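So that you can tell them apart, the chains are marked A, B, C and D in the order they are listed, and the count of residues begins at 1 in each.
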């Protein structure tokens, strides 16, 4: 929890913004997939904090908070969808905002896998900027499949191009990249590479990571599951506390397959908390029927 | 208003503090107010407690709050067996409030005692267990198991509106409420706080009923039943359809009920409902509450309890109140 | 969110409209939805009415609102004799709401008929008189005097919590409520709407009682009793100590009560409580209300009723709803 | 009701600000004492509009909205006292704000009186800027008595100096002007001039106008009443609607002395509405005991 200063708030595409936040001391141990809870307004409406993934983290060298700047901070990439994000879009340099985090778990480390395929839908691109950096450190090949409704729905695309990472694009209307859903790209990619997973980490083969809308994630999980390729998804949910206290952000899991749930005597846990047990989950853990 | 307000937006002549800070900026005098209170035999260093279901089992908030500083910690409602809770979505924001339909998900009393309580015992804040049951038997069984575990007291939730058998009958019917209280009193030798539901015509009748049944204290209010609809989908926003409204939106209702109750019972009252700041807590205390519980505010500001405590201290110093007892129920006529 | 939002703060690529505007920006189709509803024999062009006590006698708002466009106008509560109301302060803002203790100040039924009604009759919106009394006699006498004056109906306020004898007994007691309804029904040949108090354990019982007594429709909710304290002065913020809570803060409670009521009565329901936008109004309609009343929102945006009406029209066009009847009570399961 | 643009928001003294608002078409008929209701936030907290007097009105030539500017608008002079005014103090040029008004009645015209004495406490100075202009048009002598807690509590003082109007100052701590209450100045002034009013308009003598805290107004009313000098006060009250509909801003009046109240058959009205019947009242109308 800290009182952070807005460094910039840039409108990069219709409805999409980049928010630079100064964080005293930075988030040194922050990892791809983690998020912060922002208190957007001091007023009582909106009342609750809003969760946002950490797009870039200066500590890890990725955040362009002014060339050569020593300012520690993070960059948030966000889309205006409602009241809170609308208010955020009015933030100006120098404004103060309360940041709680970093929270949640992160994507698994890439070591042991040869190909990391990251599937992102629209704003779902957020966790992958840092994940690419971490992949590079682990010397894994990574490929990004990025889908959006149209060319204006591919936020941060230039950042990834600058990273030099292999990226394929699809849009629902074909305005950029291939026309169609990003899940088609995934199918092609898996065919092309003839990827075959053993479903266990360390099998030196393919790993799928995904972030986007629930229908997209469900489709990705199915595709990966059919090929027996391990797949991790970053889930989205409405949150109140962000730290496992309110039990509000529950997601239905396939209870019987969950291990190590010592809290229940019958060893069955039907819900996990997106904020604390996630936001990243092994896709086979999730009860996709109930999502 | 919090410190982080866009101060940088203001000119050089702007007040350096927000209005609430200015109000509390008067010079301190040398009285150190005594904020300790005794609730049903439980000694609290100060009147600031956490509300059940909003502070997990304490552990979740320990990185943000020095648990030793709290008046007491009330944990998430416990049932005999673990409960999985309701389907999702479980929460939705409303104007200055939120609806929840968690469905009383909890680890169950045994796991609590084995796995959660040891952590809490490391701190010196009294731990109060909030309990509920589907029937009187479950209430008494949970209470029995908690007796002698080192907790300071039991708060009986007769009011949770989420689960059909989870107490709503007890919470709106004075005779049934009295039965639960009597049974729990018999089952455990611990101090008993009964937590009342606001979803009643006359809170005074409920309060009198549980006092007569032997409750050592009363806490109020639990959430008010509400509902929100997604008009695009034409579906309830909560999977459970209805949920419990909490947060600042309900504060005026809660203050009124505490004030009404304070005039008809002799046992201590703990005020709950929409407390976000020290001023809000003081409203309840002046209305007649001996202590307060902080709920939804924890989600917004994890260390809000400590800020509220500090604010109450400052208020007492500013008003030369040596002992919190001077303030409790001190409402004047207009 | 309103149009005036700090659009100029946004960059060139910013959405040109606020989120709620974007949602309603889908291309119109050529259906002109039929929004007219019939409430207890009163024909309303559309379901948007003004709530009693928040729109004066119509005149006050006529510079801002084309009164002809309203579904109906409900005037400030009328008693037999003029009433001076409560001492000040009478209102206080609360989180996303306000408390009022006006004390039913009004000009009295005779002055209303002589001096206020002629102005309203110049417009074609049905005028509904909200009435209250200190006893059944007063209710019936007021109703008698209104009969034949050209008003479209009577709304019986059995629920105002401000004045001791102003209805609180009737409003929380099903038998007493039924007595008032029967008496007023007998006294006047006009359609009767009974306005329910939310300060009850079970709104369904009240609703059934007034339906059985012959009420032609039900409106709900009136304000919820609340209280606020000035902690610096240690005095109630309202001279009357308690007041009625209204505004968006109470909306989730109101929607829930409308939904509960809609399942147990056959007579039309008018939804009231915290409606600020078309979406809010639609929540009530989908929950089962045939019409809505706008209260506190009028203070914030004098022409809010017209905006809400427009928003409901847009919604129907977007969802290809030809007749509002398709929407009423159309809540789906999760 | 109109969507107005913020022209400037200047911090002129600790806690005091001047807010320039562009008003399409201006407020051509606006008079001294009238007010506007501002919707400060689009959020639901704070929910209600806030009332503010119109300090300067560009249409009447008084508002310095940029030299030679043709922009029509008003200037608000306000003090940060709570949530709403605190939010206001963060408004920036170009922000939009909804303005409802002008509302309420105004001070009586000065014609017929020789000496107009305006007594202002702190922010109570607001209605007098326009009143001075109107006095000048009526060729009446006017004098301002301006009191504050200290030298930082005399907002707009320079504006009045520039107007060239006769002004006497007192502060509670003596940091500017005489030490003491502004009511002392009034007593002196009335002694000095040997003013004597006949209590009727047109008596070609002294008229007292006052705006400030309730205790100050009460004291002013008493002083004027003793001398039988007509006195008008501008009252402050919490408001919800600003247009006579909610009956929330009631002020207790001496019912029996009120004339022309045709609404009540017993010809007695105990309350008047500050927003509609006021904010300016004949001081003899008010039940000062109940204020």
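Keep this in mind: contacts are C-beta pairs under 8 Å (C-beta built on N, C-alpha and C of every residue); 3 or more make two chains touch, one makes a residue touch a chain.
The structure presented is a predicted model; accordingly, all values stated were derived computationally and were not measured.
Path length between chain A and chain D in the chain contact graph, taken as the least number of steps between touching chains: 1. Chain pairs C-D and A-C differ in how many C-beta pairs they share in contact, with the greater number at C-D. Of all the chains, the one whose CA centre sits at the greatest distance from that of chain A is D. For the pair chain A and chain B, the distance between C-alpha centroids works out to 35 Å.
Measuring from the averaged C-alpha position of chain A to that of chain C gives a distance of 45 Å. Measuring from the averaged C-alpha position of chain B to that of chain C gives a distance of 33 Å.
With touch defined as above, residues shared between interfaces to two or more other chains in chain B number as follows: 1, 5-6, 9, 87, 95-97, 247-248. Residue positions of chain A touching 2 or more other chains: 44-46, 83, 92.
Taken chain by chain, the contacts link every pair, so each chain touches all the others.
Taken in their complex, chain B has these residues touching chain A: 1-9, 53-56, 60-61, 64, 76, 81-82, 84-85, 87-93, 95-98, 100, 102, 105, 107-108, 110-111, 115, 247-248, 276, 296, 298-303. On chain D, the positions that touch chain B within their shared complex are 10-16, 44-45, 80-83, 85-86, 89-90, 92. Chain C meets chain A in the complex at residues 1, 5-6, 9-15, 18-19, 95-96, 248.
Within the complex formed with chain C, the chain B residues making contact are 23, 87, 94-97, 99, 172, 199-202, 224-229, 231-236, 238-239, 241-242, 245, 247-253, 255-256, 259, 274, 279, 282-283, 286-287, 315, 330-334. Of all the residues in chain A, the ones that touch chain D in their complex are 41, 43-46, 83, 87, 92.
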